[in-house]
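One structure is given here, and the rest of the page talks about it.
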Amino acid sequence: TARIAVAANFSATAQALAAEFSARSGHTIELATGATGLLYAQITRGAPFDVFMAADRSRPARLADEGYADSDSLFIYAHGRLAYWVRKKYPVPPLVELLRTEGSIIALANPTLAPYGVAAKALINVKGGHKPVSKLVFGENVSSAFSLVASGNAQAGLVAYAQLLQYEIAPREYLLIPASDHPPIVQATIITRHGSNNAAARAFHRYVSSDAGRLMIETAGYGLPPKANGYE
Amino acid sequence: MTELSIDIHLRKGEFVLALQQNIQLQGIVGVYGHSGAGKSSLLRVIAGLECNASGTLTLGEQCWQASSRHHFVPPHQRQLAYVFQEPRLFSHLTVMGNLHFAMKRVKAVTAMPSLTDIVDGLQLTPLLTRRPATLSGGEQQRVAIARALLTAPALLLMDEPLSAIDRQHKAELIPLLRRINEQFHLPIIMVSHSADELAVLSDQLLLLRKGQAVAFDNTPRLMSRLDLLEMSSLQEAGAVLDAQVDHFDDAFQLTRLLVEGIPLSVPGRVGNVGARIKLRVHARDVAVATEKPRGLSIRNILPARITMIEEGADAHAQLLATVGQQTIRVRLTRASLSELSLVVGQSVYLLIKAASVDAY
Amino acid sequence: MNDWPSLWLTAKLAALTTVLLLFMATPIAWWLATTRSRWATALDALVAMPLVLPPTVMGFYLLLFLSPQGALGQWWLELTGEQLTFSFMGLVVASIFYSLPFAVQPLQASFRGVDNQLLEAGATLGASPMDRFIHLVLPLSRRGYLTAGILTFAHTVGEFGVVLMIGGNIPGETRVVSIAIYEAVETLNYGAAHRLSLVLIGFSFLVLALTYGVNRYFSLLSRDPVSHD
Amino acid sequence: MTELSIDIHLRKGEFVLALQQNIQLQGIVGVYGHSGAGKSSLLRVIAGLECNASGTLTLGEQCWQASSRHHFVPPHQRQLAYVFQEPRLFSHLTVMGNLHFAMKRVKAVTAMPSLTDIVDGLQLTPLLTRRPATLSGGEQQRVAIARALLTAPALLLMDEPLSAIDRQHKAELIPLLRRINEQFHLPIIMVSHSADELAVLSDQLLLLRKGQAVAFDNTPRLMSRLDLLEMSSLQEAGAVLDAQVDHFDDAFQLTRLLVEGIPLSVPGRVGNVGARIKLRVHARDVAVATEKPRGLSIRNILPARITMIEEGADAHAQLLATVGQQTIRVRLTRASLSELSLVVGQSVYLLIKAASVDAY
Amino acid sequence: MNDWPSLWLTAKLAALTTVLLLFMATPIAWWLATTRSRWATALDALVAMPLVLPPTVMGFYLLLFLSPQGALGQWWLELTGEQLTFSFMGLVVASIFYSLPFAVQPLQASFRGVDNQLLEAGATLGASPMDRFIHLVLPLSRRGYLTAGILTFAHTVGEFGVVLMIGGNIPGETRVVSIAIYEAVETLNYGAAHRLSLVLIGFSFLVLALTYGVNRYFSLLSRDPVSHD
């Protein structure tokens, strides 16, 4: 058995990975989702997590630096893809146009908390040029940003591509933002000190970087790092 | 004069109050009965505090309750005030605050005694800034009475209002009640289990037993009814006489009254010369003589004729004697009755100590 | 980071929510305290429901309800021409929903504790039900209002799940201190978190101590000494 | 016989209770005084409920309070029971629950009347399963008395215990109190503002005025002290006589007593032949005759000698007359005094109606 | 997903927290209600402090305090040999801290409402302070306990910030329903969120309605009819 601490935005994909992995290996995998910062704090205080799948690279790296995790096991398992989603308006108006429309509301993840937010804010800073007049509202994380658009409170949002796929949103409602338009959203994973002797954890960790694992991640809507960057 | 007409049925657990009674609201109506007879319940019904009571209740022109028509005037719209058996002062207000609460909700446009009048009459001046919790039992009761009076009600209900009030304050309060009653035509219904108090204060008397009216009459008549005495243990009962003020003797501080033309002295100055007043004579304070006594400190000697004799099973006998048109009750021992060989129709002298007469 | 806008917003939100909620909770609590209806038990339990949902979840449902397509949000939009979510008023509305039980429950308990004998006395002195309520029930329930006010105030200060969801974290408009602290903790900026927490605690402590102090002072005045134990 | 020794100072707002008094706890000690005189405050100090009181308080061997030594026995460790001016029943318990509360905390190991005895004596049987809120005022007070008695205390404090209790229940309660008092040697301190009640019930009397003890003596002596009467307005005060039961007359239901060898009849059967009992004679019920009257229903005629005459400013005069060793108080009008030319030293006859004597 | 383990865990946590907290809050509330100490105002305000910190922040501080390096956590580890954080007992301890004001405040208000005259009567009947407290104050404060119990219970059911932080979302041990719902919402699994919310609401509603119903039934028995308005 292994306990995996997963950043909320990757949780759905992690579940699929775990299910597939369990079926193949016979190991049981338990997932605990939470905000990356929260999981970090818990791991430093002795939480019984074996593998940490973060929403960024800095916090797993910090765990490694501080000796709470095995630094050799750190690798980037996915690149988040940003999508521009506008509800009930076809074709999707250009982001620039919406940014310049007074009274429009655009949702994004909180740039101080979420890597998706950092990327989205950078994108807007570029596209908006001078100060945008639309209202920017921040969800706690990229899931909240999605909820804000889905519930009709915001007309548009910069959300995770994976979420749109998961929710089977019609492709004509969104535009996938080219990865080059924003700073990369790197998501890294690491084996914690608690999991260093856990065979199941190691096996799962390995599985994530395997071809099968990479394929699942890619189809879920994430970009992939070059294989060379991977574990082992 | 307004009439209070009661036809009410109320069940409280095993207790049932069932009353049909029309009461001419004149002066002070006493309600007498044992503990648990339903005295408080009756007042509560009149005040509209018993929402389970059925029947009808009218005061003069106003119908306060008519269950058949689903008519019910809520308590705050009835022009009455209620002095409860407990003081029920508002603990978050000072004494003055409690009085103001009443004054701000004055019920009638009729004139009423002023605040000063009532505060003085009940000697509340030193208490006005205090909180109810810091008052003694009697002080609380006096505040409650003042509070009720200050709403200028058309009817005042009082539930044992004098139980915690000492003699000195009573001596001030009772004339105040009498005065308000007469001067402002405020009828009062007063519950008490002290026959003494009711005999002095009430003009009419309602006798309750187990939730039912046993008798209702004016106080003198009811108090001289021999059949009711045992039943309600009104052992102190006496007679009430009508008298006229004749003369005031300054030297001895006595008022001479005329009862059916016969002089009778009472201590102190009572009423004004010529005024008609009432005298209360306890049955046990009257003695009978077959010959006119001499050299006796008892100064009031009334010639009378015995009209009725009733011997009890115990030591006592009651007799009624008439002085002119009026009846006096006498309580004496059967031994004396037999020794003096008293019979109905006999002329005797009734001896009444001046000091034992209550005049008002 | 400048803490003042967030702190000011928090104070405004907590104060406004507390005041409005005490008003709104009063009739509900009074009805629950006095009714003999058999629906009362159901309403009793219903009032506690906002508590049993996790704040963010509650926030999620409120997001639906307050959105321009939602029942309340639509009505509000028609009435004021403004969107309720992502506005300060939206936070107030959401906080009221979420803190309802903290206001209703203590009020209900203290309404029930008011001596019916005093209300009867009030009635016979000519006070109508409304008059009795205002001049007797309210002052005699002072303690209940204190409890309700303090729980509501403190909870609104600290509550951030709902606010986070409904507010959209807009500086100066919906970014209250609790969110700022949350951000600081999440970003491992512990220094800022400690500082902000201290500010928040200090501010709340002052407000509450003042309230309690005034209350203690007055209840000492009106109370007999407690018996010697 | 235990002594209660009080030396206490207590300030409550503007009111100060300052009392130094040693009381031999024998029989029933009455505390009399106007409203606000500090009667309740005194009982509270004795019970240990006024923690601001300073001074010392000892009951027999036990020191309950000694401020100088910072010694204070808390109320629950004082072997006393307290009947408050209000019933103070526990609203969450039934009547039986209230009684059980007391019984479970019995204070003494001494024998006490049984539950049945007390429940019967106070006629509580039909109330046992009820809640205090459903009881009438008098019923509540009776339950409170029962509850206090059931703790088997070594001292019973009662604050106007009879104020809401009607005549019939009083007639059962008073003998019960007397019996418990005598049979179980339970001293009682009873506050009342009814001089009548205290005259009948109390053996000793403490007079309070404005927080201070004005007088303390045994009841008969205190009641015959003329100087105190005005002050405390004990207008009903009378004398208490010691008498011996001589004979019971079955036919007339009279008991013949001997007061200093002189026969005196009272109604009903009182005591056993040969027993020494007490008689209470109201001053206002005694008449004076200079010659022996005849043909009079007043059967008790005692030869006496006037020892003191005091004329008031009002209509009344008081006089003391001795019958053998005992003193009787008489209240008559100044007019009679002058008419009969009564002087100190004169021999007179005192007339006492049999019906107006309280014997017990 | 199988909801039962979470639901059972929630019920256990809420019930245990409520019971323990009512016990622990009792002496604090009693002291606050009766003391004349001048520290009372400060303690009054202090008791409300757990409320003003956002739950995750509170959770963060509790994590420091309960972890094996923290004061309480270390003591617990020495005592029981177990780690307090990420265990069920840790959740209970954290919930007790966090819900403290919900228990203390209503109890304090209702203790203050107990008529001192009755306590005096109890004392003269021979009841010691403790005896009076148990046999008079407690039953006469029934309403305060009801309010305190319901607020604590409901809040513990719904609260998840602290629990998430301290408990770490471990299935069968610390994964209560509120966390499960939170997770469902966060992972956009709205169907599961709706279903779990309904289950949670249904369960809480039943528990609370039962409590209220029993209480109403008994207070009807012992109360005089309310006056006619």
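Lettered A, B, C, D and E in written order, each chain numbered from 1.
In the analysis below, contacts are C-beta pairs under 8 Å (C-beta built on N, C-alpha and C of every residue); 3 or more make two chains touch, one makes a residue touch a chain.
What you see is a predicted model, and the numbers here were worked out from it, not measured in a lab.
**Q** Under the document's definition of touching, what chains do subunit A and subunit C have as common neighbours?
**A** Chains that touch both subunit A and subunit C, as defined above, are E.
**Q** Quick one: which chain's Cα centre is the longest way from subunit C's?
**A** It is D whose centre lies farthest from that of subunit C.
**Q** Measuring centre to centre, with centres taken as mean CA positions, what chain is farthest from subunit B?
**A** For subunit B, the chain whose C-alpha mean is farthest off is A.
**Q** So the centre of each chain is just the mean of its C-alpha atoms; given that, what is the distance between subunit D and subunit E in Å?
**A** Computed value for the inter-centroid distance: 56 Å.
**Q** Could you give the separation in Å between the centres of subunit B and subunit D, each centre being the mean of its C-alpha atoms?
**A** 26
**Q** Could you please state the distance in Å, as a whole number, between where the Cα atoms of subunit C are centred and where those of subunit E are centred?
**A** 18
**Q** With centres defined as the mean C-alpha position, give me the subunit A-subunit E separation in Å.
**A** Once rounded, the distance between the two centres reads 36 Å.
**Q** Touching at least two other chains at once: which residues of subunit E meet that condition?
**A** In subunit E, residues 56, 60, 120, 123, 129, 185-186, 224, 227, 229 touch at least two other chains, as defined above.
**Q** Pull out every residue in subunit A that's touching 2 or more other chains.
**A** Residue numbers touching two or more other chains: 38, 41, 147.
**Q** Quick check: what residues of subunit D touch more than one other chain, meaning two or more?
**A** Residues 48-49, 74-75, 86, 134 of subunit D each touch two or more of the other chains.
**Q** Show me the residue ranges of subunit A that touch subunit C in the complex, using the header's touch definition.
**A** 35-38, 40-41, 59, 62, 105, 107, 110, 112-113, 135-140, 144, 147-148, 151-154
**Q** Which residues, counting only subunit B, touch subunit C once they are in their complex?
**A** 47-49, 74-78, 80-82, 84, 86, 88, 90-92, 101-102, 105-107, 131, 133-134, 147-148, 151, 157
**Q** Please name which positions on subunit D make contact with subunit B in the complex.
**A** Residues 12-14, 33-36, 40, 85-86, 126, 130, 134, 136-139, 142, 159-160, 163-169, 171, 193, 195, 233, 235, 249, 252-254, 265, 267-268, 284-285, 287-291, 293-299, 313-316, 330-340, 351, 353-356 of subunit D touch subunit B in their complex.
**Q** Please give the residue numbers of subunit E that touch subunit C in the complex, ascending.
**A** Going by the criterion above, the answer is residues 34, 36, 40-42, 44-46, 48-49, 51-58, 60-61, 101-102, 105-106, 108-110, 112-113, 116, 119-120, 123, 129, 143-144, 146-147, 150-151, 154-155, 157-161, 178-179, 181-182, 185-186, 193, 197, 200-201, 204-205, 208-209, 212-213, 216, 219-220, 224, 226-227, 229.
**Q** Which residues of subunit C touch subunit B once you look at their complex with the stated criterion?
**A** Residues 117-118, 120-129, 131-132, 135-136, 139-140, 142, 222-224.
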